[in-house]
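Sharing a structure, written as structure tokens. Questions coming.
As written, the chains take the letters A, B, C and D, and residue 1 is the first residue of each chain.
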Amino acid sequence: MIKVGIIGAGRIGRVHSESITKYVKGAEIKAISDVRVTEELKEWAKGMGIPNVYEDYKLILQDPEIDAVLVCSSTNTHAPISIEAAQAGKHIFCEKPIDADVGRIQQVLAEVEKAGVKFQVGFNRRFDHNFKAIKDAVVNGDIGEPHVIRVTSRDPDAPPIEYVKVSGGMFFDMTIHDFDMVRYLSGSEVTEVYAAGGVLVNPEIGKAGDIDTAVITLKLANGAIAVIDNSRKAVYGYDQRAEVFGSKGAIQTANDTPSTAILSNVNGVIAEKPKYFFLERYMQSFADEMACFVDSVVNDKPTLVNGNDGLQPVLIAIAAKKSLDEGRPVKLSEVA
Amino acid sequence: MIKVGIIGAGRIGRVHSESITKYVKGAEIKAISDVRVTEELKEWAKGMGIPNVYEDYKLILQDPEIDAVLVCSSTNTHAPISIEAAQAGKHIFCEKPIDADVGRIQQVLAEVEKAGVKFQVGFNRRFDHNFKAIKDAVVNGDIGEPHVIRVTSRDPDAPPIEYVKVSGGMFFDMTIHDFDMVRYLSGSEVTEVYAAGGVLVNPEIGKAGDIDTAVITLKLANGAIAVIDNSRKAVYGYDQRAEVFGSKGAIQTANDTPSTAILSNVNGVIAEKPKYFFLERYMQSFADEMACFVDSVVNDKPTLVNGNDGLQPVLIAIAAKKSLDEGRPVKLSEVA
Amino acid sequence: MIKVGIIGAGRIGRVHSESITKYVKGAEIKAISDVRVTEELKEWAKGMGIPNVYEDYKLILQDPEIDAVLVCSSTNTHAPISIEAAQAGKHIFCEKPIDADVGRIQQVLAEVEKAGVKFQVGFNRRFDHNFKAIKDAVVNGDIGEPHVIRVTSRDPDAPPIEYVKVSGGMFFDMTIHDFDMVRYLSGSEVTEVYAAGGVLVNPEIGKAGDIDTAVITLKLANGAIAVIDNSRKAVYGYDQRAEVFGSKGAIQTANDTPSTAILSNVNGVIAEKPKYFFLERYMQSFADEMACFVDSVVNDKPTLVNGNDGLQPVLIAIAAKKSLDEGRPVKLSEVA
Amino acid sequence: MIKVGIIGAGRIGRVHSESITKYVKGAEIKAISDVRVTEELKEWAKGMGIPNVYEDYKLILQDPEIDAVLVCSSTNTHAPISIEAAQAGKHIFCEKPIDADVGRIQQVLAEVEKAGVKFQVGFNRRFDHNFKAIKDAVVNGDIGEPHVIRVTSRDPDAPPIEYVKVSGGMFFDMTIHDFDMVRYLSGSEVTEVYAAGGVLVNPEIGKAGDIDTAVITLKLANGAIAVIDNSRKAVYGYDQRAEVFGSKGAIQTANDTPSTAILSNVNGVIAEKPKYFFLERYMQSFADEMACFVDSVVNDKPTLVNGNDGLQPVLIAIAAKKSLDEGRPVKLSEVA
């Protein structure tokens, strides 16, 4: 049984808390910290059985009983807190992205290496039952050599403009998951990126300097070609599908739905819309990534989403942004 | 190349005419007859390249050049015309049902046997691509021994009350196809029937002495159990599905649709309704049954839907009606 | 926050324990009892945070702090323990079936009524997301008046013969859920039953006096007709589907699968088999029925599966057995 | 009733002959020509009821009774024969591509314009029921403004190397249909193309100077982005799907299959593979494009696939090839 501290009590910090409390054997939460400790947070922590609530995350890092920390604070603090945590000898689960700056990511990874602690990045979709089924099929050779990887990733609605302004851009806050998915499903590294994008959902997003629609082509080291299509707004809900086509076949996934019910009436044959958004769609994957992290710590195994897995999608996002800006394909070697 | 005469130029007579003209190699239509020869019919026949249009079907039977006839006239004439045709030495394709009276059916079959002519009954659904796929799987042993056969058969709308009054009842004009389907898919004979029925669609149908909704259980000689569910009115269109469940698996079919398109919007994920009714749904099967009949004649093969296949569903329908009337299961031996 | 005692620590008792611990807010387990208290059970209870493990369930009934009990012991003890629990003033969640004897069920219900305690029966499938979607559609009027209800319920494998011998027969241990489902989906009472059954899976089941395959037709008070088809063994896994067809449309559900992945290769287009059996398929429904029971107790609401809901399926099972034995439809009024 | 001459009696010439004979009212075939008139061809023509078989196509052009010609000869003769046919005052149905050379295409279009004859290009997929359903939804506004168009087009097997060497390359003989589909479904013009491609199926194709796998991104005048993915070999059969995603929803199509049958067994839940190749998949569209062409001629309507529709995909293919060769996006204005 290990003890865990959670840094950041926002939405994702609480999701992980629930996962550990409900599903993960072998871990208990000793403390949670947040820059704003409200009565509501204290109440919530009490209900979850978390004994300590701190304003200062350093109290977590200083607690010798705590084996591992979850870095769920705001994105710009992921890197410095991870570095501190590594120096304090804590195993680290860090939310994605580690950072938008490659140098800072490399610093984190160097400190993690030096400290010899576990480090897992929050690419939870790798633990999704559907995408895992694709991955398993690819690894088992069911589709032979991968030739084409397609990832469709559309949000049910665009984020608030205020968020768009600070998010670092669609490639960094949304497509980053899809970049990871391409690497995960293909088992190969991205070597070149070409991004076509536009502002088709909301002109305000364009004014904020971002795009809301994109098709991104990625060349992979194994010769395969991947393509991601993104939209900030699919009116029918969260559209999360993938397909890997290869020499022996193809495997694809459909969206999850609240039920399998199909209504036939004068208007047509009507199935349910996809589960609305990431909390509904990926809840099981959040629990599973947490169980996997705890298992890595408890049983001293490598994490399934390591430091390099945190770095590569950032490099791809940087290349994609450069491609979009310059209207040309960009090699990853240009930005690494 | 054989020459064919068509007796009855109603809807089904014309469907078969089109099939022969367009799809069936090895046959041409020399004449068509109808009790009412209109200008429209003459025009239509001309367009189809049919050289002769008669009021009297006997002219067809007397034509020595005509090898085979299609009996597409009104149901009560199927038996007498078939008998005459057999006596005239013509091969016979007879629309279903041969007759509602078992004795008359047996008379037809006896005359056919005596004359040594081919005789095929119009159970076109045996030639439908979906039901054939089930049949093939059963014959190939893909599902092992059949245990449960389920047939869903619902019309898009109830027929006019005038038709209901003369149709002989739902079991004879609609379920008759499903009775045949149970025999076809299971490869076994029906031994006992239990019919539960009601008037849920239209009270006028009840006043006319018929039902519009039914669930019919059939025990088969091989131990399997079949169940048919019927409705005169499915507002979403023609619902025609079947499933055979067995020791090694199950095979089921879905409805055919005009296209595979699926629209996702705020209301749901919407596929097309089934093809509207039997002309849309079963057009290919009408052509294929005709090709099969012509092939039987030309190459002297047994027909795929023979006299006994015409008789058995009538026996089952009689048993089903008796079961409904008496509120108990009825053995086929009681009505044979 | 209520305190709960669990009587019976077999599979289902543990399933409910996990549900309460992990998912149900407002309840905690104070004690669990079992006729055989092993070291393994004590260890398991400790891991679940259950403070007391008793051999004698009466210790639970005598504990004034315990508000509600879950009767998860062997079937023949459901009725007597429920009666004692009612007399002890405990709210009761009772696993299905309450009893195979109608008189004893009525005794339980009388005691429950007298004590004024909550009583819920473990028909968990009512809480399944798929069947709830059908129910909601029916209640919302999406399919108009129900005309035909179809329930397919097939187990992945037959139980051991030893179990078959003591189970009370397929209608009582398996179809009982489907009888409940017909009442639940239709919102109407069963008035007459006709059961056709056979031994097609395993002759040993026949020797044990039971059947393994059945098609059961049920007439409902609202005029609708229901049909259930059962098999003890579907080699492809747990087949749990339903359809309600009505005047304005039809709604049907498909099986749940581990993932939505579809593999296309030279052999076909291959989806996953259904989730294997009831623990995989209905886990969420077990949690939800428990949350619902606790909510009924805490907030003094009627339970969603009450005493009559426990009685009716037993009556239907008795009628079905009589129908099978006598080869005729049996009215519920004959057995009530 | 118009009279038609067919130039070229290869596979596609015969497909069109069958369509006209069987499905198209208002047209009859007076003659067919081929550079090699074999006994087999004469026999076939006789069976089709085509009275004249010529070696010299000019005999068709000179026949004053012939209203329209179908140019089904080898690709390099499409342009010169179309020009001659226009000069002879014949309406023209020309197989795709008109030519690989833009100047020659423009010459054809100029002659057609001068002669005032109808001109339709053989992009049959526009008449496919699935793609038409998408088109109709887009035109009806069901998906709002198109944002992303996805076309998947994979052949069941690579063509012979000898064919690859003379085909003009994958973009010209295969993707050309998909380029047309993007224009058709989006209702917008392509402005820029980026092609990523590789040789993953068969190294011999690479040695012949071609590719066998590609992902092509197209920017459209209306701001939408399209992406096509191609493979010369999908082992599971002909994979022909499309999706248009827009502001109000998305519409997508699945492959057509020989039947809707689904087999569930220990290996999974198995549907049929797609119809094998273009003759199976697109037979109905071939008939419908022919009916549409005849209708244009008979009723003096504009053709639904006109000269510009023949030109644009060639321009896109040229740009795609240039993009692939130069590793950069290419504007259509660069190659027009």
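The working rule: a contact is a pair of C-beta atoms (placed from the backbone, for glycine too) under 8 Å apart; a residue touches a chain by one contact, two chains touch by 3 or more.
From a predicted model like this one, the values you see are computed outputs, not experimental measurements.
A.B. asks: Look at all chain centres (mean of CA atoms) and spot the one farthest from the centre of subunit D.
C.D. replies: So the chain farthest away from subunit D turns out to be C.
A.B. asks: Looking at A-D and C-D, which one has the bigger number of contacting C-beta pairs?
C.D. replies: A-D
A.B. asks: Report, in whole Å, the distance between the mean C-alpha point of subunit B and the mean C-alpha point of subunit D.
C.D. replies: The separation of the two C-alpha centroids amounts to 39 Å.
A.B. asks: Hey, how far is the Cα centre of subunit A from the one of subunit D, in Å?
C.D. replies: From the centre of subunit A to the centre of subunit D is 42 Å.
A.B. asks: What is the distance, in whole Å, between the centres of subunit C and subunit D, each centre taken as the mean of its C-alpha atoms?
C.D. replies: 58
A.B. asks: What are the residues of subunit C that contact at least two other chains?
C.D. replies: If we look for residues of subunit C contacting two or more partner chains, we find 234-236, 239, 248-250, 263-266, 272.
A.B. asks: Graph of touching chains, which shape: line, ring, star, complete, other?
C.D. replies: complete
A.B. asks: Could you list, by residue number, the parts of subunit B that touch subunit A in their complex?
C.D. replies: Per the stated touch rule, the residues are 234-236, 239, 257, 263-274.
A.B. asks: Considering only the defined contacts, which subunit A positions touch subunit C in the complex?
C.D. replies: 22-23, 25, 47, 129-130, 132-134, 137, 142-143, 248-256, 258-266, 272
A.B. asks: Over in the complex, which subunit B residues touch subunit C? Could you list them?
C.D. replies: On the subunit B side, the touching residues are 145, 147-148, 150, 154, 194, 196-198, 200-201, 213-215, 217, 219, 223-227, 229, 231, 233-236, 239, 245, 247-250, 327-329.
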